[in-house]
Amino acid sequence: MPSIKINKNRCKGCLLCLVNCPKGLLVKDKDINVRGVEAVVFKDSGECSGCAFCALVCPEVCIEVYK
Amino acid sequence: MPSIKINKNRCKGCLLCLVNCPKGLLVKDKDINVRGVEAVVFKDSGECSGCAFCALVCPEVCIEVYK
Amino acid sequence: MKEEIICAGFGGQGIMFLGRLLASVAMKEGKFVTWMPSYGAEVRGGTAHSMVVISDKEVASPVVTSPATAIVMNQPSLDKFLPKTKPKGLIIINTSLARMDNSKADLDILKIPATEMAAQLGNVKVANMVVLGAYLAKKKIFPLEGAIHALRETMTTQLQKLNEEAVKAGFDFMVNATGYTVHGKR
Amino acid sequence: MKEEIICAGFGGQGIMFLGRLLASVAMKEGKFVTWMPSYGAEVRGGTAHSMVVISDKEVASPVVTSPATAIVMNQPSLDKFLPKTKPKGLIIINTSLARMDNSKADLDILKIPATEMAAQLGNVKVANMVVLGAYLAKKKIFPLEGAIHALRETMTTQLQKLNEEAVKAGFDFMVNATGYTVHGKR
Amino acid sequence: MRDIPTHYCSGCGHGIVHRLICEAVDELDVRERTIAVAPVGCAVLAYEYWDFDVTEAAHGRTPAVATGIKRILPDRVVFCYQGDGDLAAIGTAEIVHAANRGENLSVVFVNNAVYGMTGGQMAPTTLLGQKTDTTPQGRETTRDGFPLKVSELLAVLPGARYIERVAVDTPKNILKARSAIKKIFMNQIENKGFSLVEILSPCPTYWHMSPAEAVKWIGTEMTRYYPLGVIKENPQSIVDSP
Amino acid sequence: MRDIPTHYCSGCGHGIVHRLICEAVDELDVRERTIAVAPVGCAVLAYEYWDFDVTEAAHGRTPAVATGIKRILPDRVVFCYQGDGDLAAIGTAEIVHAANRGENLSVVFVNNAVYGMTGGQMAPTTLLGQKTDTTPQGRETTRDGFPLKVSELLAVLPGARYIERVAVDTPKNILKARSAIKKIFMNQIENKGFSLVEILSPCPTYWHMSPAEAVKWIGTEMTRYYPLGVIKENPQSIVDSP
Amino acid sequence: MDKILMCGNEAIGEGAIQAGCQFYAGYPITPQNELTAYMAKRMTEEGRVFIQSESEIAAINMVFGASAAGARAMTSSSSPGISLKQEGISYLAGCEIPAVIVNIMRGGPGLGNIAPAQGDYFQAAKGGGHGDYRSVVLAPASVEEAFKLTALAFDLADLYRNPVIVLGDGLLGQMMEPVVANSKWQIANSKWQMANSNHKPLAISNKQKEWALTGCKGRRPNVIRSLFLGEGELEEHNIRLQEKFQRIKENEVRFESVCLEDAEFVLVAYGTVSRICKAVVGDLRHSGNRIGLIRPISLWPFPEKIIRGTAQRSKGILVVELSAGQMLEDVKLAAEGRCPVEFYGRMGGGIPTEEEIKKIVTLLSG
Amino acid sequence: MDKILMCGNEAIGEGAIQAGCQFYAGYPITPQNELTAYMAKRMTEEGRVFIQSESEIAAINMVFGASAAGARAMTSSSSPGISLKQEGISYLAGCEIPAVIVNIMRGGPGLGNIAPAQGDYFQAAKGGGHGDYRSVVLAPASVEEAFKLTALAFDLADLYRNPVIVLGDGLLGQMMEPVVANSKWQIANSKWQMANSNHKPLAISNKQKEWALTGCKGRRPNVIRSLFLGEGELEEHNIRLQEKFQRIKENEVRFESVCLEDAEFVLVAYGTVSRICKAVVGDLRHSGNRIGLIRPISLWPFPEKIIRGTAQRSKGILVVELSAGQMLEDVKLAAEGRCPVEFYGRMGGGIPTEEEIKKIVTLLSG
């Protein structure tokens, strides 16, 4: 089952992954990361298609996709 | 009857007027002018049409055409 | 009288505005004053800071290397300026985004959850005004009114209200919670 | 021994080549030598000149302001350099394109119809070599052979012949017509 | 790409473009013979992120520097990375003449319609009406001239072999951008001559938008003036071109 | 035109172009409000022949200088006179951006395919195979790039209102050149914006030809690569252009 | 006399506006961007000309054109951009076209960084462009002085038909200080006076620029050129220029001196770093040291005489710069070996503290 | 040892060719066009790279690239073109990229004319670009020396990773003199030696340039930059550069001295004008005057020591330049007031005659 891994401390909270995930599997974190940023977290509902849209649009190379 | 006047001492002897006169009315001078150049002279045979080609092509504004 | 302040935080936390406002207040009070931003490429994605020098005499250098007062709005700023703050100096920490144990003996440490307080007022962006209020209450070199007056000159009436509330909240927090100031060790 | 020559004429009269050839000959004879062109915009449509300095000692300046020898190939050059030529100097005039009365008392004046002579040889362009021959015959600092040798190194055999003939014609003209040299007044 | 965080603002397109370049270099297996010329612009620190040889160049002179390198080392893969200020303003002469000489170079041209590094001033590519630090009322033709379509301009030159415009606003477009970047590297490896890809890229900071708004603005506003697609593909080799 | 002989070589096209400009200025009766910006090139001494205000400009910067003048004195008639080295090499950025801003200027661009003033080196416009001081074996694309069609390049810019290429090789073409020059002055007077006329012009000296051969070479060789005619006529006023 | 808080870049912009600057062209570069932005806004408000040019080179040449047409014109940049303007500045000087050029210096060489520095002194004061020419160079030390000297720069440029450089550093450009700069303060015909200045405020209207290009209606055509091909012509032109430079040297030297009368040891510094030196002087005077300060305001013409006199009377001079030692050479030239001239410099954005300088002064003067 | 007649421009070109110059980029300008033409021909013959660039700016940046890639690279121009290269030269110095830059000076300022001049001394020797840097400056006085010093310039550039300027004037570029320049004379590993030089000929192959960009195969990636943003980094970099400049000052001073031992009055001149001074010295010695000459060959580093020593012993110094007095300042700095330093200059293409100088010397030394 595909899933993704987010390097939370690299994340700058741009939310581009969030708006581009067709399944809406990325959500804002409540916490801030080491950079003082509200990062995103992966809400693994089992729906992830491994489409990698999230990784493609991430400017910070934070996301790895596992298929 | 059309004719032309050449400012001989301004002439640089490029011969552009000579090659462009449809009537062949310009010829090389035997003498050199003050600039040490073989200027052209007008050979008034009465054929001059006043077409002003000679004046148009002259880079040195040496030629005046009288119609 | 000479006061040297560094205000530091993320870009977007209104750090520059805070410094300039402080400088304006001081100017209006007839002081010599300089304000100096950290500028340039390091700003991208990093932390920014600005330096304010207020004095009764002409200011020699606008560059503050060890501030008498450090206002730090986030963790990287705290890490950067804590060691630089003058002995017996004041450090105001936005505890919403920065944490430290009270281990700096020779400092006045004022902790204030500015971002949270600002959020309660309706906009995290006025955290800068919250710390301003706290600073004024703590240092007492300028009256609260001076700051509020200066605020009014720079913004639309809409924004004014929120900002004024924030300044007052910070001021009150300080007045009501003096115990919160601790003398820590480095 | 020190000789300072200016060769002057219209662009296209081979003035630069004449000067360089003189310099080469001198170099081959083991002299110190410099050659310097007048260069640049004034060349367009105007007259050009080059300066040759030949000496037994290192040459200080390649710039010749008052030449010991002036070789002038046209009227503007004559007008320009006649007054600059050193007292007791030599001026070689291409009488085909420049005229003067012999009114310069303190000069050796050598008149030679170089362009006409060149035309007779088949090409007006070798007028420069005609005056070179005359110069060599007059000054006698270098042998005719030196010049002919230098010529051979710079051009195709075709052109050589014509140029050599021209040098010789100039040389002979001088030898046979010494009377032609006049001492004029300024 | 090296495993360190970038200095770019949140949502900046430079990060995406950097990654696409590194992917192309790796896929073509040319990392060890790649030499990059970095611009003066927000990407000035690119050497921190790229794992191959990099030189800086004076602002706008990237193509001249790259020409020097490539002529000396014709078998290396030399590319220019340029912003719109760098390439289309101060560096106009250098890019026009590198293209005109048909230098066998790859150029990655990041068009973000603004000067990022210096704080958001008008770029030659700034759209009409767009507000910047130096066009507080919005760009206006009589004072500021027209948004410059650099790719269309360069396409006129016979020396320009391949020119494409892409965007990094959506996953689909990013995939296209990836293949365009690979293409311009391939062209160089195959000695095909000057190739350039123009990339419409978000600068949320100086567009005064959120990153999500910024990528949307690319789709709704920028691509209207700067249409995407291959602008020129010269089938001829430069040598036998007119 | 002043009554003094020019410094140009015998058969040089600059003399003809100078005359055509003076005729246009007189016919439009604007001599007293004309300001010319002369280039660095063989025409550097143009102020000797023109009977109106003239300034020199650093090599290639003519359009920038003219922009400064025109913005200050919008009701004067300001024109640039530029050679191909001046305009198409060192001055590339300045002409592209003046055109792109749609500056209300007239530009007389004398293309003689060579650097005349400096002694006959390759110009951006030098034809392939043409021998010059710096292309002793003839211009060759891989080393020297392609002859640059500046007019076609500038025509891409929306700010460019009018662009025409003419030649001064035959009486007929000279008449066309005359009306083209008049046209670009008229455009400026009518506030129509950036107009340029490119003039193919003989440099017999550095083409190593007689003047008669040189004008013939324009007709047989130059016009093949640089076709004559109106290249762009933008009916719109610059303000409502895209 | 309302005070407002302004940064140096804005103050320079406002100084230009109030001096009647009619044309500004510039290209962004840190740390002077606020100036370009300020002009973008204010010039447009005032109905004057603002152009963001395609490059620094275009900017200086646009200024050439605007000024040739009779306008007061300015451009600004920072170190690398100013290097690109060197040909243009040489042309301005050669053609005798007035112009104001602002350089807010940053760390070099090359791209360097954007921190404050004074590494372009040689370029400004000796002439980084080709040929024998000089630019007048004015070096403000505070935001208010930046405002005033910019206005003065326009007057001097017009008076001498010569480029004038306003030379600041990143600190000056970026820092904010209170300035009196209300729009009623008309620089061009007002009564303000520089310390140590014998400058009479000047108002040259465009109409008085009879050399300007405005169309030849009612007069013979004007020609602006630095080209002199005739024999000896260029030399004559140069002699004329040198005579002018001599006049400037005689009339336009400006400096500030602090506690000089009885000083045994003297600091020489210009621009922002002079403020730090001034504080050091104040401090050390307190503890009884006989220290003084000379602050050159005009870097060219350089205040040689006061330095020569000081060197005669002092035990030593310390030059402090944000450079490897550039003004140092002019101080040495002026001192002519009459006393030791020492140097303390910081480069690449380093700013000395008062303590740092105090330590060195104490060491050297003790 | 065949002699051939060459002009200075050609000799410089041939010096470069024989020093192994692999890359040349240039843009035409009088009076250095023969150099560009020579390179167009010879570089192509040798299978090396020649580019006629679109501008002087492109040329210097192409040279930056070629040299960054490990090649020996050169550009050339004349005064206005060199002004345009100032940003590029500052980058070369900041990035520590070797390069040879030839300036065949003409009359300025501005467009000026194309006659010989020495008005770009300040620009070359002090740094016309921004920031604290120095270029090594070599000033040949004859065609043969032009050949040799150009070859030396490549060695010094590589040795110190720094720009080196060959500074001549129109006279040097245009005049022809005999030169021994057959192709067997391999500069880079030969035995020629400059007068007063302690230079050991050097052959650095590209492979030895381990800093060059050649692709990172088998090593960590190289980065070439002058940008240092980290706190204190740029200052450290500058300190390193200054240390290097100090080393150059200690090792690379070159000059020629004529009849200096017992001289009571000394001329100082460089380049072509020094030849005229030399003749004057010879002449006046004949008539018993104790006159000498110092001819700086390296203008930076400047031969301070010999001048200081000379000033100590002499009654006076006369500096002769084709300028308004630029090297003059360095002579004064070196002399430190130990003896009067007088000046005679011609500008805008004027060349002094021997008589002219003799008259002044007689006046001053008599």
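As written, the chain order gives the labels A, B, C, D, E, F, G and H, with residue 1 at the start of each chain.
Note that in this section a contact is a pair of C-beta atoms (placed from the backbone, for glycine too) under 8 Å apart; a residue touches a chain by one contact, two chains touch by 3 or more.
These numbers were taken from a predicted model, which means no experiment stands behind them.
Peer 1: Going by the stated contact rule, which chains contact chain E and chain F alike?
Peer 2: Of all the chains present, those in contact with both chain E and chain F are G, H.
Peer 1: Trace the shortest sequence of touching chains from chain A to chain E and report its length in steps.
Peer 2: Each step joins two touching chains, and the minimum needed here is 1.
Peer 1: Quick check for the class: compute each chain's Cα centroid; which one is farthest from the centroid of chain H?
Peer 2: Checked the centroid distances; the maximum from chain H is A.
Peer 1: Most contacts: which chain pair?
Peer 2: Greatest number of C-beta pairs in contact occurs for G-H.
Peer 1: Centroid from C-alpha atoms only, then distance chain B to chain D, rounded to Å. What do you get?
Peer 2: 35
Peer 1: Averaging over Cα atoms per chain, report the distance between chain A and chain G in Å.
Peer 2: 53
Peer 1: With chain centres taken as the means of their Cα atoms, state the distance from chain F to chain G in Å.
Peer 2: 39
Peer 1: At least two partner chains per residue is the criterion; list those residues in chain F.
Peer 2: In chain F, 5-6, 8-10, 44-45, 56, 58, 89-90, 92-93, 96-97, 117, 124, 144 touch at least two other chains.
Peer 1: Quick one: which residues in chain G touch 2 or more of the other chains?
Peer 2: 30, 51, 54-55, 57, 80, 87, 91, 95, 110-111, 113, 115, 225-227, 229
Peer 1: By residue number and range, which residues of chain A touch two or more other chains?
Peer 2: In chain A, residues 12, 35 touch at least two other chains, as defined above.
Peer 1: Where on chain H does chain G make contact in their complex?
Peer 2: Residue list for chain H touching chain G: 57, 79-80, 82-84, 86-87, 90-95, 105, 107-113, 115, 117, 119-120, 122-123, 126-133, 225-229, 232-239, 241-242, 323-324, 326, 329, 332-333, 336-338, 346-350.
Peer 1: Considering only the defined contacts, which chain A positions touch chain E in the complex?
Peer 2: 10, 12-16, 19-20, 35, 37, 51-53, 56-61
Peer 1: In the complex of these two chains, what residues of chain H are touching chain D?
Peer 2: For this pair, the touching residues of chain H are 3, 5, 30-31, 113-115, 170-171, 174-178, 272, 275-276, 278-280, 282, 351, 353-354.
Peer 1: Please name which positions on chain G make contact with chain F in the complex.
Peer 2: These residues of chain G touch chain F: 22-23, 25, 49, 51, 53-55, 57-59, 61-71, 73, 87-88, 91, 95, 213-218, 221-227, 229.
Peer 1: For the complex, give me every residue of chain F touching chain E.
Peer 2: Chain F residues touching chain E: 89-93, 96-97, 100-102, 124, 141-142, 144-146, 148-149, 152-153, 156-159, 238-239, 241-242.
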